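Note that the chains are named A, B, C and D in the order they appear, and that numbering of residues resets to 1 at the start of each chain.
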Amino acid sequence: MNTFILLFECHDQQGIVAKISALIFKYGGNIITADQYSSDVTSGHFFLRIEFFLDDRRTSKETLQEKLAPIAKKFKAQCAIYQKTKRMNAGILVSEPGHCLAEILYLWKTGELAMNIPFIISNFSGHQELAKQYKIPFYFIKATKENRREDELLKIIGGKTDFLILARYMLILSKNFLSSYKKDIINVHHGFLPSFKGMNPYQQALDKGVKIIGATSHFVTEGLDEGPIIAQAVEHVSHTDNLQSLIRKGKTLEKKVLVEAVHNYIDYRIIKYRNKTIVFSL
Amino acid sequence: MNTFILLFECHDQQGIVAKISALIFKYGGNIITADQYSSDVTSGHFFLRIEFFLDDRRTSKETLQEKLAPIAKKFKAQCAIYQKTKRMNAGILVSEPGHCLAEILYLWKTGELAMNIPFIISNFSGHQELAKQYKIPFYFIKATKENRREDELLKIIGGKTDFLILARYMLILSKNFLSSYKKDIINVHHGFLPSFKGMNPYQQALDKGVKIIGATSHFVTEGLDEGPIIAQAVEHVSHTDNLQSLIRKGKTLEKKVLVEAVHNYIDYRIIKYRNKTIVFSL
Amino acid sequence: MNTFILLFECHDQQGIVAKISALIFKYGGNIITADQYSSDVTSGHFFLRIEFFLDDRRTSKETLQEKLAPIAKKFKAQCAIYQKTKRMNAGILVSEPGHCLAEILYLWKTGELAMNIPFIISNFSGHQELAKQYKIPFYFIKATKENRREDELLKIIGGKTDFLILARYMLILSKNFLSSYKKDIINVHHGFLPSFKGMNPYQQALDKGVKIIGATSHFVTEGLDEGPIIAQAVEHVSHTDNLQSLIRKGKTLEKKVLVEAVHNYIDYRIIKYRNKTIVFSL
Amino acid sequence: MNTFILLFECHDQQGIVAKISALIFKYGGNIITADQYSSDVTSGHFFLRIEFFLDDRRTSKETLQEKLAPIAKKFKAQCAIYQKTKRMNAGILVSEPGHCLAEILYLWKTGELAMNIPFIISNFSGHQELAKQYKIPFYFIKATKENRREDELLKIIGGKTDFLILARYMLILSKNFLSSYKKDIINVHHGFLPSFKGMNPYQQALDKGVKIIGATSHFVTEGLDEGPIIAQAVEHVSHTDNLQSLIRKGKTLEKKVLVEAVHNYIDYRIIKYRNKTIVFSL
């Protein structure tokens, strides 16, 4: 028995769940959990995530995919099946500070984030030691605002990743980079989006005198800090907080939302739709 | 078109979702949302809530129930179909203070809690005026610890309710009462269960020096404050808080968890299972 | 014995606390709580709130104020003493919906908000009944975006208030109104400022796909939803939330932050400073 | 200029703040922040924490202490002055899992926890590598429930520490150990105390069906998980959570409350009083 995840997405119509669950049943699969969501009750878009056991010595994933194809075609759906135990490859880009990097590496080491990390790229050489401890290839690329050296980044990335994690990477990735890389990029922003985009969000929060600060993980798109939001976390602050304490409290939030995003992503729980996300979280 | 809710519960087996969604599809229904949960991956209990449109001039609820019966029998399931727009009847029992009562009545009046309130029973006469303003029959039953006058309560309740709400009713309902009434009773406890059961939970919290207080809504069972938990809410407190401020902050939490419980209950989103609840919340 | 509150504010200098507490001590006062805050460690602004008992048959508030004057002068401070039990007068302006109004009136009635409410003004006639139940003068002023009828508002307000509460008043008060009224105005905004200013913040939040919604109470200034923030509250939401559920969840937050603001305001716990607030909350 | 912290504690009386702030003023000190708390308005216990600059080339800490002594005597107070930049020594005891250890070491390395760590003691040898990376002496003491080997622990601890951190140390320290060590010990409990004391709190929470889980940092006393609570944190969970996800979510909470406790402790912000804590947190 193996565990698989099926994602299915189409214009909402009658009979989708019936058809798909019947198919899984027919080929000996047993549904563990099924999450579904319709973006609008009457004329919306439909999203389905099914996690199921399958004896893939009897019915292979490929066979099931073949059988699913006509259903997908009929409903004009996008559809995919993933093997849960097959680890995704997550490349990491990081500047300073390194708290998100350290958190991800620790959780990766202890098995909580079940993925591979083919490399760490940083424009700060200081993370070399940490990378070494975890035995992960480390590339120091001295990228700056003036010279982002994205060709070098892309060369290192090559075909090694399923997605990228920006664990506080402080340079904006260009439109060119995004269209070359094509796959998903998860960023953590140290502010409660859509407030406080861009630089120095904690200073912005301090200047505004907010009583709650936050952090946001989101997919990267061309617009700065404008991509679909995946997770947010907040913490109460008061007039006694200063920039230093906001940064300290914020770091905990940043780690939380980035880990939550990655955790859900590698479990195929996140679907992007029209600059928003559906997150079938545990 | 009308909206219906189907609840289905049985030992987990293959093919349940396929069978039921096919049935709804066959009779012209269209699934709006489907929530399911298995208590244990391999050998657990299975719970399903489906909300669906049905043209009940073509297929009546009763017809669908008939057609569902053999499936339920096959899976040895408990199963029911409810019409969403048919309002449930919620009897209210209340002592002092009256903040939960006031909140429920206001939300009922403005349509947020779509239910009927056939009566308010209180062992405090002070709520008479509020009941009058909302034009709800009010019964002052001077119940005390020594004489709970439960026969009188049961007489008033009669067949008028689908469930009871204890909106801070400070007397324990006896085993006899529970076995006579039989239906669900939702209570709000002004403490973070399982901590601080029974009397004066805020004083208990103050004495213990906790840094977070809470409130809990739960179903009433024989054991005091031991029934299945439906909703909980919390708030940070500090050494500067005194009994008065804990009570003040707690009232907000009590209103929140009681309303959340009632809101989910009248939408058939709560299923009790082995002294726990499954809450398919929005 | 009576309880008094002293507020003191000046450029930070050595010896302030020593001088003031010595003065209170000298005249038989006993400090219950003292809160202080310096906006910047080395060259900042200093804020002090002292709550103290005073036998005002022996030393009157006026006498103490006289004795305090030279100290205030020396430190170039703003300074005031208030009698805690003297209730402030809070005028209420409200449109639709009325949940914040209902909450405030209930808490006022039960004594939790210890203030007077000289009137309720609304551009919706529907709140008349509620006002009547609580025996508060009600004025229906059919103000609209085109004709805000602020002269009529100011005429009703007259000298009856110490501050105004906008309990979801949906019209912007003009610069003229603000400069005529002069005193503090507390507003509740149904969004997490500085995100989602202006109209339909829940729709904005839904469109943006945020994972946390919020509400904000703040002082009114000329800039729309730009005044000093007093309190904020948040709640997690998900892709399953729709506009209706966001509004429902948000109402709880709005009530919370508005009540928190008013509660702290009438206890002289809020000091405005450079478009931010110091809140010496309990 | 140097920064000092004064802690003062006595039966509440008139004139304390006046006297002490006058003294600091007289010797050229400048108060940065002053926090005070009275346990009861009329007849309570009084706590004061003052952080102040002092040119200690002109007035030494010792001189100030001498001058303070008569005031402390007069008020029958406990009193101490600490130099803020003098780092405390924190010994760490840890079993499995190591997430709290890793968090503390990282924050220590980056300077956020400004303290010394003279050693790590563990009954699991696996943490050796981590200790080595951070260049902290590591002692593997194979303590078990049957043989806690506390004499060996005490021998290692020697005079090297100001306090101990139990970063998930799974053995109960005996009465003998506590009376030998005498100083403060900060523990993290992976449950929301006073609920779920002792073993397997996440399993207990799962069995009870709570809708919110928590973690608690507290001082160690003889009673198991009964000591004064320092910090608590919580997170919403639902019926979909299993033991694994509760543990995963709980780890984030455990790290948070333990770091918060240590952070406040090494800044002299925590005062124990009658099995509760006063925490003058930033």
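To be clear about the criterion, a contact is a pair of C-beta atoms (placed from the backbone, for glycine too) under 8 Å apart; a residue touches a chain by one contact, two chains touch by 3 or more.
The model shown is predicted, which means the values in this text are computed figures rather than measured ones.
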item	value
Pair sharing more residue contacts (C-beta pairs) when A-C is set against A-B	A-C
Farthest chain (mean CA position) relative to chain D	B
Cα-centroid distance, chain A relative to chain B, in whole angstrom	36
Length of the line joining the C-alpha centres of chain A and chain C, rounded to whole Å	41
Sequence positions of chain D contacting 2 or more other chains	33, 37, 240
Of chain C, residues touching chain A in the complex	37, 192-196, 208-212, 214, 228-234, 238-240, 275-279, 281
Chain D-touching residues of chain C, taken from the complex the two chains share	14-15, 17-18, 21-22, 24-25, 29-34, 36-38, 41, 236
Complex interface listing, chain A residues touching chain D	33, 97-99, 102, 106, 110, 112, 133, 240-241, 245, 248, 252, 256, 282
